[in-house]
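Each structure below is given as structure tokens.
In the two assemblies presented below, subunit A is common to both, partnered first by subunit B and then by subunit C.
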Partner chain A sequence: MKNPFIDFHPGSYQIKERPTQRIIKEKQAVFNHIIKGYLDLVENEIKDLAWVVEHSRVVKAYGAAVEGLRDLQYDQAYIEEFCAELDGSNSIPYMIPGPAGLYVSALVNYSQESHILLGLGDYQRPFHFLGYGLPEGKTLTLQGDGGDFIGAGLNGGRLVVQGSTGNWCGAGMMSGEIWVDRHTGRNTGEWMQGGEIRVDGQIHGIGKTFFGGCIFKQGRLIASREVERVF
Partner chain B sequence: MSLTGKDDLRKAAWQIHDYIRAELVLTRPDMDVKGMPFNSGLLMSFLIGLFQGKELIIGEPGLGKTTSAEYVCALLYRFPLGVIWRSEVAGHPEQTEEKIIGRPDLGKLNQGDEVVVWSYFTLLPVKIIDEINRLPETKQSMILDGVDRGKWEYLNDAIINQEFCLFATANYHDQGTNTIIAPLIDRFDLMVESKHPGPNLAYQIGIRDSNGLALRHEDLEDEFHQILSARLPYHVRMERVEEICGRFSETLEKGPGIRTLSSVERQAVRLQKEQIPFDLDSSAFLRLVLAELSFCHRFGQKRTHEVCEEGCHFTGYLCSTIQNCVSNRLPISVRSISQALAWFLGDETVGLEHLMAVLPHALAHRIQWKEGILAQSEKEARDDSLAIYMAKKAVKEMHRRYIEQSSQVKDALSIAYRIAEGEKVEPIRGDHPIYWEIMKDMGEVISER
Partner chain C sequence: MPDLDDILKTVWPSVRSRHLFPELPAPACADGELRVGLDIKGKKISISRKFVKEMSVVLKPQEILEGLLDHAVSHYIYCPWNLTNHLKLYAAAKAVLEDKEMALRATDCFMDVVADTLCVSQKETPLPKIYRYLDRTVLDEAVHALFQRIWGIDLDVHAYEELSSRLSRIPYVDRSSWMKSIGRFSKLIQPLLEMEKDYGNLDTPSPMGSHGIQQYSTQEIEEGLKDLALDVASPADFEDIVHDFEDEISGATQPASQGLDSASAGSMDTSILYYMKLAENYALPIRKVPMESSGSTYPDHHISWEVGLPYQDIDPWTSFGKFMPGITQTWKRREGQVYGKEEGVPDCMVIIDSSGSMKDLRCDLSYAVLGAACACDTYLKNDARVAVYNFGDASAGGRQILTYTRNRREIYATLCRYFAGGTKFLVEDIDTLQTNRVPDIFMISDMQITNLEVLIQYFNTCKNRVTAVHIGNNEHVGTFCHTMELRKNVVIYGVENKEDIPRIVLGKIRQDLYKKTL
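After this line comes the complex of A and B, so read on.
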């Protein structure tokens, strides 16, 4: 049969790349890079079949995540899209909450914007470790409830949670601020070295090991090196 | 003197067109092609006549439907008006095959011989059926084959016209008219409306000699009659007819000073037309049009008796507003007349402007709109008859859609070419029916039902 599209053979018509196509292509390439970085991280982390929260392991996973994102230009839209992919798509086969949260934190910490807003209420699965290592000059706002280890290792940034967090909020944070509209779970501020955690609702428990910084509950200072802990 | 050059032939064609427009058929311009004003009825009739098409001319009584066809035929085929008049068929309920096509030679029949006396209508290359919609529906099928292929049969004899064009006129519906049956109406390449020329031109018609007296020639008309009535083989008669046509053309040159085209020159013009290619945009646009007019996501294609439900995903396209599927005669008509227009305008390729001019007239009589759509449009302000107005509106809509995504459509067709050649490339998908049709051509089963 004669090719019915013969009028459009390459000799008479050449497909030109249009600006929109180029932009879409570039965007897709960046996003693919982000996905690949995550998959590489997960592949490395699941060798032991179980992912256990240990300080050294967290630091190593975060470091690997940062390494995967080196020199990549992206913004908040990519982070949101990645979170949505993690939450509901088949294109990412593994959603391991710990590494996933660390990877999102790395994305936030190295993104172009100084203020990032993530709508956690849009997702079905909990995200842990959000705000991990958030550096000075960055503000991360989480709309909805976060998982465990929210703001862990905070490093001078400002984390606002418009909802509640799970356990270990602000664990090991060094400096900066965490504002929580509602409640935090157990071990809030465990191994905390500096900065402030301000909770407007209830704190289910403060960490046993407390090196520095301040924790406020409903505006009242309840824990610091100078003040005896309430709990 | 014979005309041989491409431009000479075109110049002669223009001279005929302009003479009719200036002296015989006084009409207002109602369309614009590439910045040039034309009267759609006259322009399309002229192209139909020169390039052997078939045209349905609608309009109120007395607005020049038949007359304009007669003038076009007389000047393009070099027949005096008297010959044209004798060849015309009038549509009425008592019309018979014997009056339209041919009858037995009674003298010969008495001697036991079956000899057919063909009508002038059958013999001549110019065919005019006046008031075709007064032919009862059962009798319309008598002329289907002849209208389609120029093939006429009676008793055991047949004639195939080597060259022919056909014009049929139709009044708007009244008590004496019938519906033109779908297979017959689809055979018309174009439909045009013969419009009122406005009071000032109409006033001129009353006071000037615009009745085509220059196209009468009683002596030659008698000679034509003798040849056409002679018991000679068809081709012999036509050779002699052509010789008298040549003599009539000389009188036209001497009288009104019009250079007409011989049958050989007409043939040359048609060959030149056939060689005019479609440019990529017109190729892609026509495909898009055909997709909208034949596609049905639910039933695979449009069928008159199957109406897809409200709320179909493709509501924004024409497929959701029409009932029938366009036939394969549509692209044939559009291709031929668009090429004809490009030739007439001296263009090297058929482009979007040619298509935009021709498409409404190729679609107007072929689209069966859903009743609700007709009801919405019939009260809208307009300058054309409802069918042509709706076709123009539809073409404009499709053109807008094409312009919005022309690059993507062409890309999709280009990728489809490569896939059809065996290359492993991902096809381009989109929302418009054309993309879905391309996917079907690629062998994809559309399963989202």
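After this line comes the complex of A and C, so read on.
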């Protein structure tokens, strides 16, 4: 009697493991590492209940973020995916805007690529501190409107904002360039020590404390140590 | 070259066996330009002789046929699997690309990647050999680079290293993340799609064939739309997706399902289609009343005369003096019914409030329209007829009356009319819809009716079985419920929690109605 199930025998073909499985596993491992780094940072920062923007605190949080990313190989796609997870996903239970922005900045600063492009228009939430400490040789392009403290502490890099920024744009930047297609908010260039901020639209207000560098509005120099500030 | 049909006959059983015997008929070779097409209407795969002939310069015909069949069957058993998946993938791609043509091509590519990757990972197939020798456009080259990377098979591609590296990290075989994956996939290939659009290549099908809606059978389209209506958050979302396939879908959708009379299939307002399909997901029970057939038939309503229908029922007065199929009108006869021992369902008069205090059915899910649609469906399925009285400020002309009919499209078109403005109904309008056979009344409103006392008085005197549904709660609802408490023929249901997710509230409607309906 013929076995009625013989036709359903899968045959002699051995299922080969294709690279796709390995690639996905590796990618997931890296991404999990990135998520874990962020959660560790948040866990550390959340201890004080309220996250207040203070210079020492920002430096400390950024340092912790960098520490979490040490020796990790990733590229822009990971950063985009992480931003998407921050924006609306269940895998990240809480998003604190300050540390989140600093963590994304650390990701950008230590990525393999010299030019990173982030489409902020894809996200519902504003991202703050993007471009924080952007080093020389790196270019970060932000498509869409950024939050507060965009380009803060810029360190020789080039930040292009294809949209507007919030308050404190370029606060405490040391060197480098910030190009803003549209407008910036209050306290633009506060504690600025060097570099250039070029705004094609309106500047809502320039920072009161100004140590160096230049601010251009629609191509016209409006603030530098040599030029009396005009607003 | 040996006869392709003979080779196909020998290859097909082995392909079927490899894919664990999918329910597909034997494929056939077709002349013409078509390379491979899975005709899901007949679930029949057609393979282009021309394509096989061109390919047979570098590959054996048997390998070509096997590879093409594996590709086609993989689409059938893996991705897109059904029309709902197809439409949802398209919607996700379009959300990123914001262009119909580009979204269609991105969806095609994504489905090819998923289906072929699953096939290559799980089966022994000559499919990669075909990909190695296919003609490629810019986008195809990138997709081949992706295949080369994730399959680990040399496809003779030496470009798009970076792009393929990024694309390769998308979890194609994880069905649960398809919607997210196609978004990322579309975003990454967007520059190439724009380039293809500039070259005018988006109109030409991809080398392995494109995946149009026309490949699905009418039944699959009906089912797909039904599922889609349930999945989307609002009528606007439904419209966004369906609008792009309007021509294909309007040709395929048949409002005459389940033996209901219909107008000719043509383009349909997507809002009407949305409520029609959404209502199909809910079945309301209905209590029957003692009725029996009289045994004699009488002319009930008009339908278009077609060859084969009896001549004696033709109505010359409505046929414009013509005697032509499709133009000439004939009487549709129905068996008369009288009250007796057998149970039946009477006709139903649906009264729906579409004043300004009700939700605009085109922007948000209107519980009123959905509730009324479910009620209409139930009566129609039970062989009864439905009349609709849709009113806003009726005294100012804001009303639409549809007399008793079984034409589903006309009923939905009347239900989906939104008047806005004030809320006043005219008793004389309702009286015109009363018949000797005492129809049921289904009323749905937020009860903020200017002349509510007239309605209450009417319900107090009428003999119809009345199902009244109020949307939300307000003082008028309280008045209505209080005054109707003693009426045995009036049953009242409330739809609460307006701010709830529409789907959950829909379930409540059904549950509420299930408990008490008639």
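The rule is simple: the second predicted complex is superposed on the first by the 214 of 231 C-alpha atoms of A that agree within 3 Å, B and C clash if a C-alpha of one lies under 4 Å from a C-alpha of the other, contacts with A are read in each partner's own complex, and residues count from 1 in each chain.
The rule we apply is simple: contacts are C-beta pairs under 8 Å (C-beta built on N, C-alpha and C of every residue); 3 or more make two chains touch, one makes a residue touch a chain.
Values in this document were obtained by computation on a predicted structure and should not be read as measured data.
Of the two partner chains placed around the shared chain by superposition, neither subunit B nor subunit C is touched by A:Glu43. Using the contact criterion defined above for the overlaid structures, shared-chain residue A:Ile24 touches subunit C, although it does not reach subunit B. Contact with subunit C, but none with subunit B, is seen for A:Asp75 once the two complexes are overlaid on the shared chain.
Contacts of A:Asn3 after superposition: subunit B is touched, whereas subunit C is not reached. Residues 7-8, 13, 15-16, 18 of subunit A lie in contact with subunit B in one complex and with subunit C in the other. Contact residues of subunit B toward subunit A in the complex are 278, 280, 283-284, 407, 410-411, 413-418, 420-421, 441. Against subunit B, the residues of subunit A that register as touching in their complex are 3-10, 12-16, 18. Looking at the complex, you find that subunit C touches subunit A at residues 17-18, 20-21, 117, 120-124, 149-152, 166, 168-169, 171-174, 184, 188.
Note for the complex: subunit A touches subunit C at residues 7-8, 11, 13, 15-16, 18-21, 23-24, 27, 75, 77, 81.
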